[in-house]
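Think of it as A, B, C and D in the order they're written, each chain with its own count starting at 1.
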Amino acid sequence: MNTATLLISCPDQKGITATIANFIYKNNGNIEHADQHIDANSNTFFMRIEWSLKGFIIPKKEIAPQFSKVAKKFNMNWSLYFSDDIPKIAIFVSKATYCLYDLLLKHEQDYFSGKIALIISNHDKASTIAKRFGIKFYHYPKNNANKRETEKKELKLLQEEGIELIVLAHYLQIFTKQFTQKYPNSIINIHHSFLPAFAGSNPYRQAYQRGVKIIGATSHYITEKLDSGPIIEHDVIRVDHRRRLLDLKREGQEIEKMVLNRAVRWHLERKILVYGNKTVIFD
Amino acid sequence: MNTATLLISCPDQKGITATIANFIYKNNGNIEHADQHIDANSNTFFMRIEWSLKGFIIPKKEIAPQFSKVAKKFNMNWSLYFSDDIPKIAIFVSKATYCLYDLLLKHEQDYFSGKIALIISNHDKASTIAKRFGIKFYHYPKNNANKRETEKKELKLLQEEGIELIVLAHYLQIFTKQFTQKYPNSIINIHHSFLPAFAGSNPYRQAYQRGVKIIGATSHYITEKLDSGPIIEHDVIRVDHRRRLLDLKREGQEIEKMVLNRAVRWHLERKILVYGNKTVIFD
Amino acid sequence: MNTATLLISCPDQKGITATIANFIYKNNGNIEHADQHIDANSNTFFMRIEWSLKGFIIPKKEIAPQFSKVAKKFNMNWSLYFSDDIPKIAIFVSKATYCLYDLLLKHEQDYFSGKIALIISNHDKASTIAKRFGIKFYHYPKNNANKRETEKKELKLLQEEGIELIVLAHYLQIFTKQFTQKYPNSIINIHHSFLPAFAGSNPYRQAYQRGVKIIGATSHYITEKLDSGPIIEHDVIRVDHRRRLLDLKREGQEIEKMVLNRAVRWHLERKILVYGNKTVIFD
Amino acid sequence: MNTATLLISCPDQKGITATIANFIYKNNGNIEHADQHIDANSNTFFMRIEWSLKGFIIPKKEIAPQFSKVAKKFNMNWSLYFSDDIPKIAIFVSKATYCLYDLLLKHEQDYFSGKIALIISNHDKASTIAKRFGIKFYHYPKNNANKRETEKKELKLLQEEGIELIVLAHYLQIFTKQFTQKYPNSIINIHHSFLPAFAGSNPYRQAYQRGVKIIGATSHYITEKLDSGPIIEHDVIRVDHRRRLLDLKREGQEIEKMVLNRAVRWHLERKILVYGNKTVIFD
């Protein structure tokens, strides 16, 4: 079933839902999902609405221009997606490959409404895995001296390939502003702690030393400020004093995979709306 | 803020959302919350929509009659609630009082959009607690011989007091059909297991004997069939071989309280819609 | 059943377990629980061992002196507890009383191997609750000017009453070093966040603003450094964008109660051993 | 580090721990882990004790005969394991391969104290995966007519290969008594529900129809009675009315993998002791 999905935020006022629902109904669309939320503090209206394009009167290309008139009236931030436009994904990875493997397996089993088009790594290790799954692999070593040049190469490649979503599946290089600004709310990272606890490097070691009884993982969008972007998903697992640092890492990996997988899936299903430094997850 | 809330289910078709949203908008209402869901298997549309009555053109008493015209068109099952109609609650309890206590404390702290009007017990034990909190207490002993007669007394009292919601906070008597049919989807029970596992009596003992590693609790609406009504909420807690039966009971109690509390709160906030033997929980 | 419990830590070496087990066996004791742990990093041995005193040859008063000879040999830190010595507890509370209530209810139902002897508050609000439960209540208002003087009064009272464990059930005053040093590893605090995230004041507000998807609570021993003492227990609950700040507080309270309750119970059952800034929880 | 591990159960009495600890100490062993548990209902003593063989006086082959004298005195059920005896594992699988994949990946990363020696399947589908990972693959189709014959072939192969642990990673054939009796407490199955709820076939469908709010998975040892053997581990995940049957399956898979992985790991680390129809998991 082909559908269109609108993600909308705007100042709250009367008549928004009616106007949007009428736009769909009058053009012969059937709403499949609709969820709205009002943030009372900021008086902001949020909506995700998805409707079937079967029998929809407006042709696909004309929907955005026509909806933009509605949008203007309410001063909306909005984006429109079509289920038959398959987003292309690039995965960045360093040496730890368990998240990469998990994404590739799920991709192979059609869990994602997107296509993993390529893998970029600053190491060569993942090339074998890429080969196993038949995904293009690019080995771009990176250091402080060549970082800006390498990022330019990466950006060029991503644009040529039409990449829409970047997933950092344990990529241990920090991007410069030049890179992150090109992909606002489109770079998903997995951090192996329950942010904001244990930001920065070696979060499991930090957790171990602090003696916490629960460890976690966080998926979030990358912004310029390290480990501080909008949080998409968390999950946690209970640990105890018997766990060595190695055990925290092993048990944490299971959580990391789930938390990253959910973030990627939700992004591709257009269920995430970023406002300020937070996310609304339409479920 | 005074609001009206509609809970709706009907066969899915085009235009439902538009029609409802128009009904509210044209009468100058502002939607505060709206959530809808379509069950694709049965092609059923579900909606919860809540709007502010501030400036709403239709007077409170006229809203239902006027909406019924919309409802007929779409063959809706619907119910309308107003936030300033405070539902009255009766609690039934036997000897275990921890759930009762939890409800009374939360009631005292205004957590519930409802008023606990009375407590009925087949034992005298809870009378002291009722007194502490200033709630009317009725001691109705019950056995197989007097059950039908006692239920009649109870029903009479509930009707005189205008009770809308009955909460079984560990009430160890089974009601007859004569009783349950008077309060469809309005009697909430707490069962101290993760239903459908360990239905019936002594669920902790059953769990202990089976050697499970997680125990749970379930809140559900009472139907004629024991422990088989629509499930509202579950929660669980991890246990291990070191836990004696007594420990399961104690740790389980914390879960029971949370699970019952959530069910009562959601019911009072009109967030639960029953269809078939399942619940839609609008969040 | 009367039991003795030893909590032991010392450098690991051969023969520790054998020596301790022999000490108990030769004096005709039956071990009820024994658990040991070795921290490989620091080569430290930890043990909790509990045995029945029924038929034990050494009289209660002589056990410590006799065991001290064993202890010296292995350079042990150790403490010895008897199940029939009921520890006395003082609760400190400010205005929020839900944790206090929970502790008092559980105390009334004999969940704790200890006796709540008194409640101290910088406000008068909790006096009614103290009365309901028949617990002595002391109203000691506190400000920066009178803090040291008030703490002296408090310490005097605690010593006169023979208090062994202090529970801060939402007590919003920070103690000085003069106070905390008198009760090392004996003051349990509940912090309403998943420490080390959101230390300091208004953790729910901090969590709300950061947009986390899971909130938590932490019980820990108080040290001189705010919110940095050894963590005893954590728990968490999932939240989403629909939750207002008030909702986070309400849902978090359920977690806070459980997490504080567990810490108090484990402390009283002599299941917690502090080493460095961490805890070993013998289960 | 080479270690020996004893798993022991016997009627509780004085002196067991002392005797075992002395046996190790006098032969110059250093205890690395020791945990014991007493089931008060049945007066049964359980222990797991692991010690370093570095400098241990008794040669490996002589440990069992010598310990058997101790064991006889206390009427022990016991088993002795050595960390340098690597158990061999066979995986049985049908068409769903996500659990198989997870086990193979973890095996490749040395998570298990065991060696996956071969894969047996009633379908050919998993042969490609087996090849990818370089594991021997046997395709043994099975139906009611050839079941007993096929099981004989399987048993022969397992014995020839010296298989000690059998993991059913979604194997949809039920074994006969002839098979299961050869591997008591040595066949681990993953059931995709929170047993005892939804035993039998199609557990996700059953869960979906019952309208539960939490789904789970269970790993357990196989006995003659379907889905009724000793439970090793459970885990759960929250679902809601928006989840279709397909979603339950997908989200449940993540839980299944974790629950099976833990059971296999614990079995191989000799942390599981079965008594009656329950397990003691030494942690």
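Everything below uses one rule, namely that contacts are C-beta pairs under 8 Å (C-beta built on N, C-alpha and C of every residue); 3 or more make two chains touch, one makes a residue touch a chain.
Since the structure is predicted, the reported quantities are computational estimates derived from the model, not experimental observations.
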| item | value |
| --- | --- |
| Chains touching both chain A and chain D, listed by label | B, C |
| Of all other chains, the one whose Cα centre sits farthest from chain A | C |
| Separation of chain B from chain D, taking each centre as the mean of its C-alpha atoms, in whole Å | 42 |
| Rounded Å distance between chain A and chain B, as computed from the means of their C-alpha atoms | 37 |
| Shared interface positions of chain D, touching two or more other chains | 37, 240, 242, 283 |
| Contact footprint of chain B on chain C as seen in their complex | 98, 101, 105, 109, 111, 132, 240, 242, 250, 254, 257-258, 261, 283 |
| Chain B partner contacts - residues on chain D that touch it in the complex | 37, 39-40, 194-198, 210-214, 216, 230-236, 240-242, 244, 276-281, 283 |
| Chain C - residues contacting chain D, complex | 12-19, 21-22, 24-26, 28-38, 238 |
